[in-house]
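Note that subunit A is present in both complexes that follow, paired respectively with subunit B and with subunit C.
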Partner chain A sequence: MSALFRKMEDRPWLFLAPAVIVYAVFALWPMVDVTIVSFQKWNGLDANRQFVGLANYQYIFLQDPVFWTAFINTVIWTFLSLIFPPAIGLALAIGLNREIAGRSALRAVFYLPVIIAPIAVATMWRWMYDPFFGLFAQTLTEWGLPVPDFLGQKDTALYYVFVAYVWQQVGFSMVLFLAGLQSVDRSLVEAAQIDGAGRWKIFRHVTVPAIMPTITIVLVLSLIHSLKAFDIVYGLTGGGPAQSTQMLALWAFSQSMKAFDFGRGGAVSVVLLVITVAIVIPYLRWSMSREVHE
Partner chain B sequence: MRDHLNTIRKDPLLLVLWLALICFAVIWIAPFAFIVFTSLKGNGEIMSTGPFALPTELRPDNYDVAWNRGGFSRSFFNSVFVSAVKVPLGIALSAIAAYALAKMPGRFNRLVFLLIVFGTMIPFQVMLAPIFTLVNKMGLVDSYAGLILPYLAFGVPFQVFILHSFFRGVPKELSEAALIDGAGHFTIFRRIFLPISLPILAALFILDFVATWNEFAMALVIMQDQSKWTLPLGLMSFQGQFSNEYGQLNAAIVITVLPAVLVYLIFQRYFVSGLAAGAVKG
Partner chain C sequence: MSHVDIRDLRKSYGTVNVIHGIDVDIQQGEFVVLVGPSGCGKSTLLRMVAGLEAISSGSISIGGRVVNDVAPKDRDIAMVFQNYALYPQMTVAQNMSFALELAGESKDVIAGKVGRAAEILGLKPLLDRKPSALSGGQRQRVAMGRAIVRDPQVFLFDEPLSNLDAKLRVQMRAEIKGLCARLGTTTIYVTHDQVEAMTMADKIVVLNGGKVEQVGAPLELYDHPRNVFVAGFLGSPAMNLWPVEAIAGGLKLPGGSILPLDGRHPLPQPGTKLTLGIRPESLLPVADGPIRAKVALVEPTGAETIVAVTVGSETGTVLLKERFSMPVGTDIGLAPVAGSLHLFDAATGMALPVKAS
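Showing the complex of A and B:
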């Protein structure tokens, strides 16, 4: 054993090998493979995978109505994810950034949903949305209000699923903003107060510039996170009713693993992958350049 | 407390803020209360009483019945086993790789680092089918290794990234002195770097435990045989089969969620510092 360790000395690639191999085989290769299979026709079982050119893309773009539903839903979902969880998270973080009683308990309460399995969040909310005995149905009935069919209505189901998502995600933004607010210069705030600046002015001209990097980070992470929404939709509606809550990640999965059309599923995956990479690369360049400047 | 009162007197708006936060917190915690209350009620009581009515007749047997009907002893064991192997192994791989990238000169370090950082952002939810194809080709479907290997692959980037930036900040003098004394890199890594990075390792450990414990999509694809299900799969199937057994269903939710909640409540401090280190520095 110690002889082995001695051999490892000064050979960085031996230190790197285990992590890099596992990462390359199980994370990078599937990315390549999904691109290859998107140009093929394959049911996941046959020995040979037949090359079909752009046929799968042609199908999903031109003939598959569900793809566009999933696409638009993903856009709506992403858009809402960039507004609600970050905004509420920021508001909570600003509130909790003061010396107030029970601060850490409050912080724990808002963060708690983040650490719960998304699939359990889905199960919880499915029960809360139960049209007869769920939390919302009972409360609305008590108040004498009509009870909507939360997850059964095509036009609104997606938004009810999104509410559950907000409940889970807010704490994540909040914690990042709380960390970011530490970088606000106290003396600058006090100087502004002495100069008679109001709360809004201080927020606008001192706080916001100081947390600008955090805002970028939160928005990018929220965006990436929203693109991979899978568990919560799978658990709450499974994409229904009538595919009205279908999303790209879930649709790629369904095409491959349920309909056994790995080619079409692969094409959906590639679309999602291209969108993700188009966001990730500029962001990484930005964050690398920040690191160099520091 | 007096300090708090003083600040409130100075700034009455703070009281409004505080009340608003409390209200919000009550809304945020309400789903948990509802789930726990339901899990202790019988079906008759669930249908006849209000959502936040305390259970009049406690039904702890919901937990018993759910545990047996859902085969939770099996899936609980699987979840524990997968986490117990994956989390320490993943952190060990990441730590040793991060050390090499940060402290050992190598020609491809920059390239490898960029590739790994790229991986921190790529969601595997996008690639479930090709991962299944790969695992299947290796004959590892329905095996622990078949699930743990992809978990490792998607855990490595974030951990390497965090540890790399931490190791890089360690002063040169510390390791150079040891190098001159004839210690090799592995010794330096084990004797100097591991001990000083314990807090950050603890944070990664807990974050990774929760992520592994909660993971659903990958397990759904790879663990098709019921005997290999992890808890999230068990819960999902329970919901499918017994959606009208409200008390038991909610007991099943509590069973699934409780371990992660306990870990969070006990190790809160590390959670927040770990997240902050990862996000704000990165």
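Showing the complex of A and C:
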């Protein structure tokens, strides 16, 4: 065994090989395959896949009545995801970074939703949103207020689904921000106090620059996560009512797995992939160039 | 007036007392060094003066105004931190002007003050650089510049030279001392390095275990330590401290050597247990010297030679100006320079009174 390790010592690629193989098989190949499928007509069962060129893209961009709804919903969803979960997560992290009673328990409580499977979160919230027996309906009735059909109205359903998503995601941002806040140099805060800075100025001139790398990570991860939002929407509304909560990831799934048109489903997936890469890579490059390295 | 008065100052964290009633008077323009081993409370004391630590009891006044409950920004102090605490995203000029901007000073006033401070500290060519592009010494100067521009009543330094290499430390030591003297600002400086304390201070406050051991001018403390702690803490190499027993006319040393007393102290009662203190530079190798010792190690530094010896079961150090090349294990005789003996009560550690001269 030790002879094997000695042999491997000057062949570093051997150490990387297992990870590279796993990555190639389970991450890279599916991306390549879905791109190939997006240029084909295939129902997922036939032995033959027929090459159709850009026909699938032409269809989803020009004829598919749902694609653009899903696209706009995904844009709205992503935009909201970049604001609410990070902002609430940061506020919670700032609060829970102070010496308060029950701090550890509260941190665990706010993080708990993150470890619950999104489909289970969807089930819980679906029950809470039930217009007759749900928690919200009962509470509103108690207060004598009208009870809306939370998930049944197409103008607002997306936002009610998003609330459940925020509830689940906020703990994730909070934990990352907590780690970031704990790395803020205490003496910088004290120097700012002596310099005459109040809380807001300290936050702006000391805390924010210090947690800039964390902010970048949180925003990038929120972005990636929101673009591929699927299971919570699937579990809560399945894309309805009247496709009003349809998302690109969900639409790709529906096209492939329900309509058995893997070519169109693949084309939607490729569009999503391109959008993700096109946004994330320039943002990462920009934010990394801005980070101040001590 | 910018004198600082510290009266019966105490600090406790829960039931743990870390500062046990400290009294220090700091006159206007004085350079006071708080020195002591790690955990003695010197940084806590400085941070209490800065307002970064709450006071459990007692009072601190700056310029005659009690500042116990005054926010750090309103105490009219400036502090230089051990790690400099420069804002990494700001340039040197922005770092230096930040406090003035917060105070609402006009752009012209800020530019003038920053320019003058940069001139004094030789920072003019670096004003547009970020801290990450500066060397340790330059960062140190920026931290001082940030303190100077505010023209405070008191400068506070918290071990500002610890992160610098030995050569730069000596250089910055002289610069800080010179600068504070030129500006005439009252300064409180914390260090664990007794050489820094000796070379920079007008007045040293030696702290140990949250209490003041002795306050005084550097050489006064060096020549007349009040107790064994101060005697052993100040001086490098440290003072030799040996357990001895008083006998008629002299002292019985470890290993049985008899050392006649030099007449500086009244004769103690025979049989009294004492601690004898002799500075390493006050011991000379003399063939028939009364202190019988054995060479344990010879460390030539070039300018001096440090000779580690054993005296009976005790260890000791001799600091010689001349070269010394005895082999390890050689028996030698040592004689103290006249008037250089320090005697301490073995039980209390306090210095025995010296005869009035």
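One rule holds for everything that comes next: the second predicted complex is superposed on the first by the 257 of 294 C-alpha atoms of A that agree within 3 Å, B and C clash if a C-alpha of one lies under 4 Å from a C-alpha of the other, contacts with A are read in each partner's own complex, and residues count from 1 in each chain.
Convention: contacts are C-beta pairs under 8 Å (C-beta built on N, C-alpha and C of every residue); 3 or more make two chains touch, one makes a residue touch a chain.
If you're wondering where the values come from, they're calculated on a predicted model, not measured in any experiment.
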| item | value |
| --- | --- |
| Clash-or-fit label for the pair subunit B, subunit C on subunit A | fit |
| Touched partner set for A:V166, first subunit B, second subunit C, both or neither | neither |
| First (subunit B), second (subunit C), both or neither touched by A:P30 | first |
| Touched partner set for A:Q193, first subunit B, second subunit C, both or neither | second |
| Touched partner set for A:F253, first subunit B, second subunit C, both or neither | first |
| Which of subunit B and subunit C A:L219 touches, first, second, both or neither | neither |
| Which of subunit B and subunit C A:H205 touches, first, second, both or neither | second |
| In the superposition, subunit B vs subunit C on subunit A residues touched | B |
| First (subunit B), second (subunit C), both or neither touched by A:D185 | second |
| Touched partner set for A:K228, first subunit B, second subunit C, both or neither | first |
| Closest approach of subunit C to subunit B (Cα atoms, Å) | 6 |
| Subunit C-contacting residues of subunit A that also contact subunit B | none |
| Of subunit B, residues touching subunit A in the complex | 1, 3-4, 7, 14, 17-18, 20-22, 24-25, 28-32, 34-35, 38, 46-47, 50-51, 93-94, 96-97, 99-101, 104-106, 108-109, 112, 115-119, 121-134, 149-150, 152-154, 156-157, 160, 165, 184-187, 189, 210, 213-217, 220-221, 231-232, 235-236, 239, 246, 249-250, 252-253, 256-257, 260-261, 263-265, 268, 271-272, 275-276, 279-280, 282 |
| Residues of subunit A touching subunit B in the complex | 5-6, 8-10, 12-13, 15-16, 18-20, 22-23, 25-31, 33-34, 37, 44, 92, 95-96, 98-102, 104, 106-113, 115-120, 123-128, 130, 132-135, 138-139, 142, 167, 170, 175-176, 178-180, 183, 213-214, 217, 221, 224, 227-228, 230-231, 234-235, 249, 252-253, 256-257, 262, 265-266, 269, 272-273, 276-277, 280, 283-284, 287-288, 291 |
| Contact set on subunit C toward subunit A in their complex | 50-52, 71-73, 77-79, 81-83, 85, 87-90, 98-99, 102-103, 130-132, 146, 150 |
| Subunit A residues within the subunit C interface of the complex | 185, 187-188, 190-197, 201, 205-206, 209-210, 292-294 |
